[in-house]
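Have a look at this one before I ask anything.
Letters are used for the chains, namely A, B, C, D and E, taken in the order the chains are written, and counting of residues starts over at 1 for each.
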């Protein structure tokens, strides 16, 4: 079932892309299982998009596809970021093009200290926030800078993962369940941070189980179910649409 | 006298006093929640209970016996089961096999040489595992390779595996983190049911206050390695110290 | 008897190392076998068939049957060698197995042939045990052995280095090494040398520096390297590296002796062999008619002179064929009878005896020295002395060879 | 049947048929034909297939199930062989004394080595086992010569005790008078088939231990072993002690190796030290991976594959090549022989190395995966055929 | 005492060979996590670079010397190397004499190329595969490389001498006040020791003072995440492989005069080098170097007659005994990092 990417249908999105980040007919596979099923959506510059859905709906897979990770394998479709064809890139090229993914299991690198984890992010250009500025935003990390990253508590790891993304000069921040495992006070704080990030002009896609919280923050929302898009519209619309909330978000 | 008595436990990591003077008593058949800011030492405390870490000072008694100095499997055989913060399951095995292993552990103890018997011919085990899968709402995933499940499903499986052991004390480290709202609600129901019907004592670490307040009969708030307060849920909710250190405005 | 040839041809099994460290030696053996088969079947110039004192062979195969052969790889491992020999016997119907380049393999295959009821003509095997405690009625050895090396070398060493010498032995730590060490020590002690130390080195050793470094300080003035193959190449190279040969100890020049030499090893050790003495079974520079005939026919076919291994296995093939002819049968018992006590000449080492008591061959042994100014890449050794057979002959019950039992010939099924 | 499910039963039957009819299956080419070179149906090689199959099956119980990669299993093989030959020397040539002893001594050694080595996991475990085996090899080759007869290998001499040796008893290995190296021959036209007592003795043992392996794979014990490979943390926190399970697997696989070593000596009364060398340990690792780690039949296939190359390819020489290609014009014949020459005879290692690489690159699951692919391709074709025929109905 | 000094010298030298091989192996095996059974073959190829260069320098034309005959009685063909013809006999001879040191320059590009090709063509596809698969494929590769060398150079060792300037040995004993000839040490082995120290230092400096080492370590622990940080880890792995191959290769070049190169010398070193790396601890370069010297020195001590007479055969097994003791007392070898190939 190894479908070769087929870009022949030629919407030349490079010029006509309607938005900052455009996903067009994207399909991805884990081995032979078809996970992301032909989805298209746009994200505008500077906005926060909430990507919602049940467990297993395909949110993580979508983010990983956009970041051009090896799995799931994108077999069809186009992804354009600011006129750059992400679908033709490998993950490190996509990262250089401005994608910053905070993965759901944080992926702090074993064997490296907190500071080294951050330094690692600043090896390849473009470089973003300075370490000092990051420690200012997350003082806890500053205190723990010599500790091995993986021995941090869950919440601290989450901060490190976000800081690591910001250490690079990114255009789009992909956040996979950033609130998971965080104390309510910290969630508040991260939310504040996200607003600061937004003010910096960074576009964000936020995947979150706590839909209400996410929607309050987001401008727009896309809801996934079994690998397909079931809703694409403004965040307020979701909050006001009882049916949608009950069916796909159980809220 | 509770089923679990933690006395004066302290634990140091290098320059960091992760736990100090922790005293905790968990009553039989209660649901005891441990909450606290990130890095407060909750997981560390849990690790001291299950033999992963050995505390520097203090004692941990389970049902009148000390757990200190015992290996994890011995402690488990005493009746303490644990669910991890990131799911630990047998990824190479099917869901059914994952569920059968704790059933064997319950029946046969830490080691038994049953090299010739047919696994599937062990009727009692198979039935028990199947029943457990039905309880966990996973019967349809029975033959699935457990590594390729979504994370929510993995966590549910892990909880099921712990329950299959019929432990006397179940330790849960953020069981609903990353779980969709609907499943979170299911899990709450399940845990309620467990504590009511199976007479299992539960100690739970959780940041989702919805879960905490739905389940707990008793709450300990840990901050910077020491218990801040221990009280009934209603009192905790109103406690200004707790609000400031942990809950923030949202709760 | 086992594998009695019924058709118009007879199959011989050439079992040589084709992989592993001795592969080149094995390749040279194979060349010689092919040459022998060619000559037996009447091809080529006949080689040593023309000089061989027995005239039973006429170039029409053996007993009128065309000679065919199968080859196999011993890998210089007993197990692999036995497996290969068995396949020749069980699958290809070989009536005779020959070849090999180590004593362990020779003894293992000899035992197998005894059980299976075929003749074994051992290739390169220098351990006393092959015709000593492990001798078998179905097996014959054309090669000389450790005792004979010692007996041949001792007088030459005495002439060269005198009777007042202190020898230090480095010995490969397995059976062959031990028997050679015992033989050489006995022979040199008999002429007055003292043995300062006998040090065993692991078979797997590649770097001998830590064994060689203490030699000078031990008061020894002669180093005897009871090593073969890669071990010998490395230990000699290391010894020369340490400059042992430039030293003067006890007022005498320090000397190194390598009791068992082969041209391939000399080639591996390169310049380091220059001026170093040892013994060898045969060398292409011998000027008797038989040797010349063999060198010519081998050299013409392959473009370089044969090694002692090639010579040995060529002779054995002819001898086996000749024995069959004389016995009028391929039956191993007939062949054994024909070979036991057989005396002949014209195969390159002078008058030769296949002794009945232990199936060891007695002939002249060469003492050679690494050549100072070689004229070509083959011209590495020069013959210093041809020790007559009588001087290397020993009693069949000599203690170094005691303990074995030849048994009786086994014709097999 | 016999407590196996349908799939396993049919696998067992297939293996039984293959084993019992091997003398036919392995000798497909008529005697004297050019292809006869590829026949493998002679006693020694058939015995080797089976014996190394047993070795690899046992190894796979450890490696395939628990993931513990031992690099020292050859030690047990050697110990098994020495045990059997010592019984020949002390009692008599009946293999009934030696084989159980081989299993017991190798089991004891495995217990000892496993107990120590299993304190570590991963590569550290591998190196510990390697170190023990290499120590055994080095000692057996030299210092322990009184027990092992060193380089020459342990064998029976006429002056050995052999206290049970009867007057008319066979002087080669036998089982109550059934002499291992005697064979019956069957000639069918140009074909010739050999039925060897020793082979059938080994084959029956193979079937027994293969059956045992299936039972182990399907047992709760087998599942625990797979759980060890999958996640030891979880196993610990599920109240199970991984150590005795792994040790039991180690001992069982050591006993398999001991049995295999014992059988080698039962077929051929000689035990050499090089059986314990790391290359021998490495060989069984390669056999298992090549065949398909963790599969039941894979290791047997892998063992057959390697032994086939070792024994058949190494024997092809230029002469044979010239015979094969004699039909070609002379120049072309020489050219073809020149091209093939590096891969046969003394180049059989090269062919083997290339095949290792090809198999592992293209068949990540080993030879078994190759088989599965063929099967799938066939069934897909069948499906396609079925689909084609459907509209016609 | 003199005997001890002597064995320490020997041990340092043996150790530098072990350390160099283990260093290269650790870069691939301990750091990239690829079980590279072909590492010995790289060492061997290095040695054969020296052989090849010396063969190239010895390329000759033939003239007939009618006064002498060859073994068949024909007039002898005398070979004169071209370099002697071109540069005059003396300079020519000097160039040939210095073949081994020259071979270092010759081998580095070759080895780096071999490493690149190996990684790009083969190993790349095996990072995510099971260690067992890596063993099989690299073992296959090792056999193939070895057989190719055997095909062209034969199975016999090929003598490849050090320059004449380094022949003979240096008398340390005299320096320390002992009698002459008590503690002697070959010049070339001293060169080898200093060379090894230089290479080891160079590799350490490269990995320590650049972020390269950290990136590769991180990449090995979690390739995906490192890719997310914009780092092209594949490229760095390839470079790492090239470096490792070059280290193995020049270790082989310099080793050629110590022991004549043969096609299976890699396999002879293979087991030992794995033992050294693991005893040093997976993933630790200093560990590998330390273990190399430690085992080298202990091996030398074990070969002393005094010790051998106490424990017969100890020199046969010392390495393994030490390995077992170290691995049982230190779970991750001397300086191993947690989690590297522990499963």
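By our rule, a contact is a pair of C-beta atoms (placed from the backbone, for glycine too) under 8 Å apart; a residue touches a chain by one contact, two chains touch by 3 or more.
Bear in mind that the values here come from a model prediction, so they are computed numbers and not experimental data.
Any chain bridging chain B and chain C, meaning touching each of them, is among D; the list is complete. Among the remaining chains, the Cα-based centre furthest from that of chain E is the centre of B. Distance from the centre of chain D peaks at A, each centre being the average of the chain's Cα atoms.
Work out the mean CA point of chain D and of chain E, and you get 34 Å between them.
Once the centre of each chain is set as its mean CA position, chain B and chain E turn out to be 53 Å apart.
Spacing of chain A relative to chain B, judged by their CA centroids, is 30 angstrom. Centre to centre, using the average C-alpha position, chain B and chain D are separated by 47 Å. Counting only residues that touch two or more partner chains, chain C has 23, 27, 173, 200, 202, 204. The multi-chain contact residues of chain A, meaning those touching 2 or more other chains, do not exist; every residue touches at most one other chain.
Of all residues in chain E, those that touch two or more other chains are 313, 316.
Listed by chain label, the pairs that touch are A-B, A-E, B-D, C-D, C-E, D-E. Residues of chain C touching chain D in their complex: 18-19, 23, 26-27, 30, 34, 69-73, 77-80, 82-84, 86-87, 90-91, 103-104, 107-108, 111-112, 115-116, 129, 134, 173-176, 200, 202-204, 404-405, 407.
Of all the residues in chain B, the ones that touch chain D in their complex are 50, 71-73, 76-77, 81-82, 84, 88-93, 97, 100-102, 104-106, 108-122, 125, 161, 165.
In the complex of the two chains, the chain C residues touching chain E come out as 20-24, 27, 173, 197, 199-202, 204, 206-207, 209-211, 213-214, 216-217, 230, 233-234, 237-238, 241-243, 246-247, 249, 264, 267-272, 284-285, 295-296, 299-300, 304-305, 375-376, 378-379.
Put simply, chain E touches chain A in their complex at residues 211, 214-215, 217-218, 221-222, 224-233, 283, 337-339.
By the touch criterion given at the top, residues 67, 69-70, 90-93, 95-96, 100-101, 103, 107, 109-112, 116, 119-121, 123-125, 164, 168 of chain A touch chain E in their complex.
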